[in-house]
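Quick heads-up: structures coming right below.
Look at the two complexes coming up: chain A is in both, with chain B in one and chain C in the other.
And now, the complex of A and B:
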């Protein structure tokens, strides 16, 4: 059963929320919609759910025109980034709600709800009020309610974004094991996120969305290795990929008084206005390297993020250990230039270390 | 310091309690007095200061033929009109408020906010301005001096209150809750009845309380739109006044007319103290 969209466009005001979005989702697969905030992820999910009607375009599911089916008959499930539950019902009744709508007998409802509670680790909480639960637990109830329906299409709209760091990690692990348990056998699972790391970990088919437009579609690995454009490279890396305007000639890359020998995949490029893309993790400290000034040093978890400056160039590097730097410290760094990307003046990928290009 | 604070706190509580309760006590004692005890100087304590009697109360239930004023029928008229009008206002007001909160209306330059303001604007005009059209309207459909006519007018007066309170309340209920209900298999009516309404009980109670209070205390329209057939309590109480002000029966009728509001206040207070009025919706 495929979910096929054709040129979905939704433009409620001046800006596009969806701009000719097309896709073909197959059952049993996980699709990740990666995009920054306001890129149209929620609009897309709501359109699939039937909460929004696009201005133009078509959605087809199982061979039927999905746009003609009202929300309450579509058999989809959705988890919001806010923890949305029914505050007047307890945990058990919250999860049982969609089943009660279907007039299933009580015994079966009880079994299904208990099973669902088990899968999200909330056994023993069935009589609690929703307001008595923590954010993470509320989101689990929300997830349990969407699982209990056995919906053919499961939509998860940034389900982890409002949780604190630790809970996010923990729930993400649980999601992964839930998904891999064969839950998704006949389900189309659509997961939207702003977090590149989450995208890579979920390892599904990725749709990169920006300003309502699909920029690139492909497996997570492919998006990571060969981002088709500067935009995709920015969206699919956190911290965003460093973009440096540079010149390549005589197999040398030049920028801001630095000269580096170009690796093979970059040496043949001759276009003007080239931009070199380098991940923050592909920069390392080196005594014999190039001098940069520290503008800001952040320590996040076990990682140190350095915002560096040299002339007009600003870059971010990440170091996998906790180091203390002071602002205005001068440090020396080196670039792992063989892992650099090159983008043409129009933003398209010109060359990648993994052999991809747009040509 | 904290002792002083505690002292001041209790002092003000006691002061406020006396301030609020004293008029009621005054009315209560006065209702058991006769002409002699009211006009013979300041007296407070029954059996010591004055000899209590039930004359003031008896007048309220005696028929006019026996020199009484009989407020029993106006009392039930008032209860009936207030409760019916409040109930209908709440039902219609809640439905309108939900529509105004969730759906977008457009007719030329008229949009949702204009419609909401139209409802509220009914309460901006002084009642005297409305009284003439109401009078003419009711007289043209032969509903002057009738319970049904009063109910119609009270709905016009009370529904804006219900709409106002409920629009505000529904705007605070996240739309995603309705959407989740739709996704979970409810049609829009079921989503409203099964999910939105149960989470709006606090708002309904507040709106209901205001409707009952404003309906119950209205004197002006009850006075203008009724003559002899139908009378409401506030009008009847005023009619008690004659050349000699009967303070005893006035006090007694004031107490019985305040009774329903006190009962409503106690119910709402119970509900409030259980913490149900807030926190249902985050």
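And now, the complex of A and C:
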């Protein structure tokens, strides 16, 4: 059973929320929609769920016109970024709600709800009121509610974004194990997120969305290795990929008084207006390197992020340990230039270290 | 906080409370123990004679009380159902939403007494437009002079006059509900009807209880409608407690006896409204 969309467009005001979005989702697969905030992720999920009607385009599921099916008959489940539950019902009834909408006897409802409580680790909480639970537990209840009905399409709209760091890590692990269990066999799982790391960890098929337009589709690894354009590179890296305007000639890359021997995949590029892209993790401290000035140093978790400056260029590097730097410190760094990307003047990928579009 | 003149600041509020609530209640109790009437004005003391008369020798009071219970419960139920339906209708995105919202409030903004005069003219048996139309079908119901039909007329006028108030309370309630449970319910497979039964109605329960109790208190004071429409008639068939107390106290000037009725009425109302509120809470909130 495939979920096929054709040129979905939704433009409620000046800006496009969806701009000719097309896809073909197959059952048993996990799809990740990656995009910044306001890129149209939620709109797309709501359109699939039936909460929004697109201005034009078509959605087909199992060979039927999905847009003609009212929301409550679509057999879709959805988990939202806000924790949405029924405030007047207790945990058990919240999870049982989708089952009560069908003719299912009480015994079976009880079994299914208990099973689903077990899978999200909330056994023993069934008689609690929703308001008595923490945010993470509330989100688990809505996850359990979406799992219990065995929907053919499961939509998860940034389900972790409103949780604190620890819970996010923990639930992400649980998601991964849930997705890898039987659930994934006949369900189309669609997961939207702004976090590239989440995308890579879930390791599904990725759809990169920006301003309502699909920029690139492919497996997570492919998006990471060969981003099709500058924008994708920006969206799929956190911190965003460093973009440096450079000149390549005689197998040398030149920028801001620095001259580096170009690696093979870059050496034959001759276009003007080239931009070099380099991940923050592909820059390292080196005594014999090039001098940069520290503009800002931030420690996040076990990582140190350095905002560096040299002349007119600004870059970000990340170091996998906690180090102390002072603002205006001068440090020396080196580039792992064999892992650099090149983008043409129009933003398209010109060459990647993984062989994409190799010139 | 320990300073001596704090009582001074309490005084204005306390003064008002004593002046308009506590003193009148105590005075009514004292009055009910006296035989004050037009021949015999003054606060003499006759014990509980008035209460004995009320409980053993005045079926008219109890009849009017049960009539009042019937009228107020019926009108409030009708107001709740109609008010909820109207509020639900303009809560959704329909055309001319604002127009309808204002339109439904018009009856509340009119003067009850004047509107009742208009209703009386409306239902006049020989001159009113209602019977003029119905006469074409060979009907001429006695809206105001048939004992059963007169009650029905009172109910119509009351419902027309006060449904907007219920509508307003319930619409405010609906507008304050969180949107998310409705999104969830749609996706969870609830059709619009089931959505109303399992989500909208339970979420509205606390507001419904409040609105019903407020309207019950208001409705049990019903006086002006009856006074203008039927003057309690025909006979005593539309007479309510407050109207009967008014007749005894301010027409026949049996002040002592009217006071004993007022006080009895107050106690009964406090007890029954408390019970009703408790029952409603149990029924609707399942607590």
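Please note the rule applied: the second predicted complex is superposed on the first by the 357 of 359 C-alpha atoms of A that agree within 3 Å, B and C clash if a C-alpha of one lies under 4 Å from a C-alpha of the other, contacts with A are read in each partner's own complex, and residues count from 1 in each chain.
As a working rule, a residue touches a chain if its C-beta (ideal position, glycine included) is under 8 Å from a C-beta of that chain, and two chains touch if they have at least 3 such contacts.
A quick note: this is a predicted structure, and the numbers were derived from the prediction, not measured.
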Evaluate whether chain B and chain C can sit on chain A together after superposition, giving fit or clash.
clash
Examine A:102 and indicate which partner it touches, taking first as chain B and second as chain C; both and neither are also allowed.
both
Touch test for A:301: chain B only (first), chain C only (second), both, or neither?
neither
State whether A:131 touches chain B only (first), chain C only (second), both chains, or neither.
first
With the two structures laid over each other on chain A, which partner does A:88 touch: chain B (first), chain C (second), both, or neither?
both
First (chain B), second (chain C), both or neither: which does A:71 touch?
both
Check the residue A:51 against both partner chains and state whether it touches chain B (first), chain C (second), both, or neither.
both
Partner chain in contact with A:149 - chain B first, chain C second, else both or neither
both
Indicate the residue numbers of chain A shared between its chain B interface and its chain C interface, in ascending order.
49-51, 71-74, 76-78, 80, 82, 84-88, 97-98, 101-102, 145, 149
Which residues of chain C touch chain A in their complex?
178, 180-181, 183-192, 194, 198-199, 202-203, 205
Contact footprint of chain C on chain A as seen in their complex
49-51, 71-78, 80, 82, 84-89, 97-98, 100-102, 142, 145, 149
Listed in rising order, chain A residues that touch chain B in their complex are 46, 49-51, 70-74, 76-78, 80, 82, 84-88, 97-98, 101-102, 131, 145, 149
In the complex of these two chains, what residues of chain B are touching chain A?
174, 176-177, 179-187, 190, 195, 198-199, 279-282
